Amino acid sequence: MDHPLVELREAVCGANQDLVRAGLVMCTWGNVSGIDRAVGVVAIKPSGIDYASLAPDDIVLVDLEGNPLEDALRPSSDLPTHLEIYRRFPEVGGIAHTHSAAASSFAQACRPLPCLGTTHADHFRGAVPITRDLTDEETEADYELNTGRLIVETFAQQSPMDVPAVLVARHGPFAWGADPAAAVKNSVVLEACARMAIDTFSLDPDPGDFPQHLLDRHFNRKHGVDSYYGQD
Amino acid sequence: MDHPLVELREAVCGANQDLVRAGLVMCTWGNVSGIDRAVGVVAIKPSGIDYASLAPDDIVLVDLEGNPLEDALRPSSDLPTHLEIYRRFPEVGGIAHTHSAAASSFAQACRPLPCLGTTHADHFRGAVPITRDLTDEETEADYELNTGRLIVETFAQQSPMDVPAVLVARHGPFAWGADPAAAVKNSVVLEACARMAIDTFSLDPDPGDFPQHLLDRHFNRKHGVDSYYGQD
Amino acid sequence: MDHPLVELREAVCGANQDLVRAGLVMCTWGNVSGIDRAVGVVAIKPSGIDYASLAPDDIVLVDLEGNPLEDALRPSSDLPTHLEIYRRFPEVGGIAHTHSAAASSFAQACRPLPCLGTTHADHFRGAVPITRDLTDEETEADYELNTGRLIVETFAQQSPMDVPAVLVARHGPFAWGADPAAAVKNSVVLEACARMAIDTFSLDPDPGDFPQHLLDRHFNRKHGVDSYYGQD
Amino acid sequence: MDHPLVELREAVCGANQDLVRAGLVMCTWGNVSGIDRAVGVVAIKPSGIDYASLAPDDIVLVDLEGNPLEDALRPSSDLPTHLEIYRRFPEVGGIAHTHSAAASSFAQACRPLPCLGTTHADHFRGAVPITRDLTDEETEADYELNTGRLIVETFAQQSPMDVPAVLVARHGPFAWGADPAAAVKNSVVLEACARMAIDTFSLDPDPGDFPQHLLDRHFNRKHGVDSYYGQD
């Protein structure tokens, strides 16, 4: 296999294991994928494999339609969701799906995660949206593909790079980023913000709108042309 | 001792220790058993023994009426509960009892654990039921046997393999499965679902009924003839 | 020093460190003491010393009036509370004081911890009581001694061995037992029960009275002449 | 570089890493600084650098106006907040900023953290205050400096050494002390008190005023001329 795909496999394998190390995954409930846009290849965790024994060679390679590049393990059953996101959000280079506890609690309550503080504003430019429920028909056939379409639909009016995560109703979060590591980081941040939001709402069920200028200031401090966080 | 019982003892010993590693057990509040249906032998943790020092030879062997197979340690005081489950649920191969915090909180609140999300639906085909209270008479004599009868009664209208767990009112959970490891895994999943449910209810006290088609889709994705999760 | 006091010091030193290992203590907020009734000597943690560096020789020995037996470190500032408990509860052989998070939350809310489940009933024969507030005068002079008197007063109608713990209002828990290790264990159980109670109350603010026969059954299963838990 | 500044850099580097070890910091959301008042030099964490790889030589040195003492990494973007605190609170020798979960939840709910128990009273002589929101203008220009001014304004009627911490509205806590280690310790205590307060409020939304004499007794037990906690 040529070198870029070896790197992609290693990045995806490491990102899946980082998800576990970050405490976001129990059992085998989570998966990370990555894409090499130059060659149109997606790499994803195999289905139902233990993270501890996961090696780069186990990572499954497919094209953007889901066709396997080689004889390999069965990919994560969520693959069609990942592929739809890659096809429709061209800036996305990595995707992580978890059932992390606090973010999934928002998903189960069918509530968006509003911006309540600067921790959120540093990473998400506004509320992390909640999808609508899938219809019976959408669940019946092509369930995972329809989950991807549902995510895309949810971002009809919003840039997926301004808010790089979504809560799928009664299910859990998907997060993404420029590469698999960024997708994992956004999953970590999402869980931390959701956990703080649960406690914030217990202290005040309606803490009021977050000031727009504070949201812009914090998001732009870390992102965009005028960012001044970190080293050059 | 013949070989199958050595394996059973090792499986039960390891499953008891996995329960501790999973963070579900404090002090000595938990026990796992397993059964070899071919010979009618049940293996269970001895009573009040520390998990760290537990060895396969400490595991107590009894028949389905609780008669010891050999001179041994005293079995867990919950043995009669386990035996009643084995006698009445023929597909059960392993049982785990814990006082895990979130599941026990539901038991203490005398509430069933409804299906609120796909994490739950992947493992339990509907609500994990809560038992009624035992009567004074049922508590007075044969308390542990009556707890087993109470569990069986609770599943009068429901398959114990579709929902492999129960919440005993004001006490805590029992979970089961095809073998001791499956019983431990279901205990882990139950605790995770109960923890998320507590947070979900704090965000929305009434999140509405979980869609039946989504419940079926997720349960069947992992179980049954059309499952497509994991490797062949 | 004669041998029994060496053992007492070692037991008290180890029990203090077990308190930290159990996650019940932050910074230096906690202390365990023990008593040798035969010689009337109490051993207690020195004040403000880090647990990691604590050695048996650092443990301070005093008589029941608090007079030091030798030139030593300053004892825990809570010593007068411990001494009053030893003087008035003759069956107590060890005492542990913590600011463990869940139990202290009950203390801060000035609520007793009711028996909500069998985990509690296995160790405490009814509610863990909350003290009244100290008066200004009781706080002004002999504060720590008056805290001990307050604890004794709280058990005027109840055996301190049936319920071996108390919540001091707006402060935190004290627990005790036959020896320092038992005091630590009761602190661990108290914290676990308080944590579950917080979650139980979030699910049902009023779960109803715990059945008396179930309380008796569980307490007696582990304690008293008819106990049948553990090995002989 | 002369010796005192080497020590300052080591103290600040170690304090930043202690913040992570204490579980108060995720990603790079936190920073500790220290000051050498004799020479007017402030040492602070560089921006966006991972804690694990942080070495004393990475610590950035600036004067009280923020001018770098040497060619170095870019300092934490929160530097102007730290500097304003050092300029206006002359007893402060170290400052720690975190997004620790429970304290940030109070900040997000725009609520002060009242004194609810002796754990709080041992370290903070009354409520940890919440700032007002910054205006649009204050956010637009000199945001971090204005955050510092806001903190100073919040202590107009109160000594910053009696209550060595603040909650910045919709953001998170700053804590300080005589040196960087004390600032970290106060951050740890603040988080523990905030966590217990969330649980206390879930048990009783209005636990009443904390008795003034108990607050004074506990604060003075550990601080001031009549302290009698710890060793001489």
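Lettered A, B, C and D in written order, each chain numbered from 1.
FYI, a contact is a pair of C-beta atoms (placed from the backbone, for glycine too) under 8 Å apart; a residue touches a chain by one contact, two chains touch by 3 or more.
From a predicted model like this one, the values you see are computed outputs, not experimental measurements.
Among the remaining chains, those touching chain A as well as chain C are B, D. For the pair chain C and chain D, the CA-based superposition corresponds to a rotation of 90 degrees in steps of 5. In this assembly, D is the chain whose CA centroid lies farthest from the centroid of chain B. Looking at which positions face the partner, chain B and chain C present mostly different ones, since fewer than half of the interface numbers are shared.
Chain centres here are Cα averages; for chain A and chain D they lie 33 Å apart. Among the residues of chain D, those touching two or more other chains are numbered 202. According to the touch criterion at the top of this document, the contacting chain pairs are A-B, A-D, B-C, C-D. For chain C in complex with chain B, the touching residues are 116-119, 122, 185, 188-189, 192, 195-197, 199-200, 202-204, 207-208, 210-211, 213-214, 217, 221, 228-232. On the side of chain C, the complex with chain D involves touching residues 26-29, 46-49, 73-74, 77, 99, 101-102, 104-111, 133-134, 136, 139-140, 143, 170-172, 198, 201-202.
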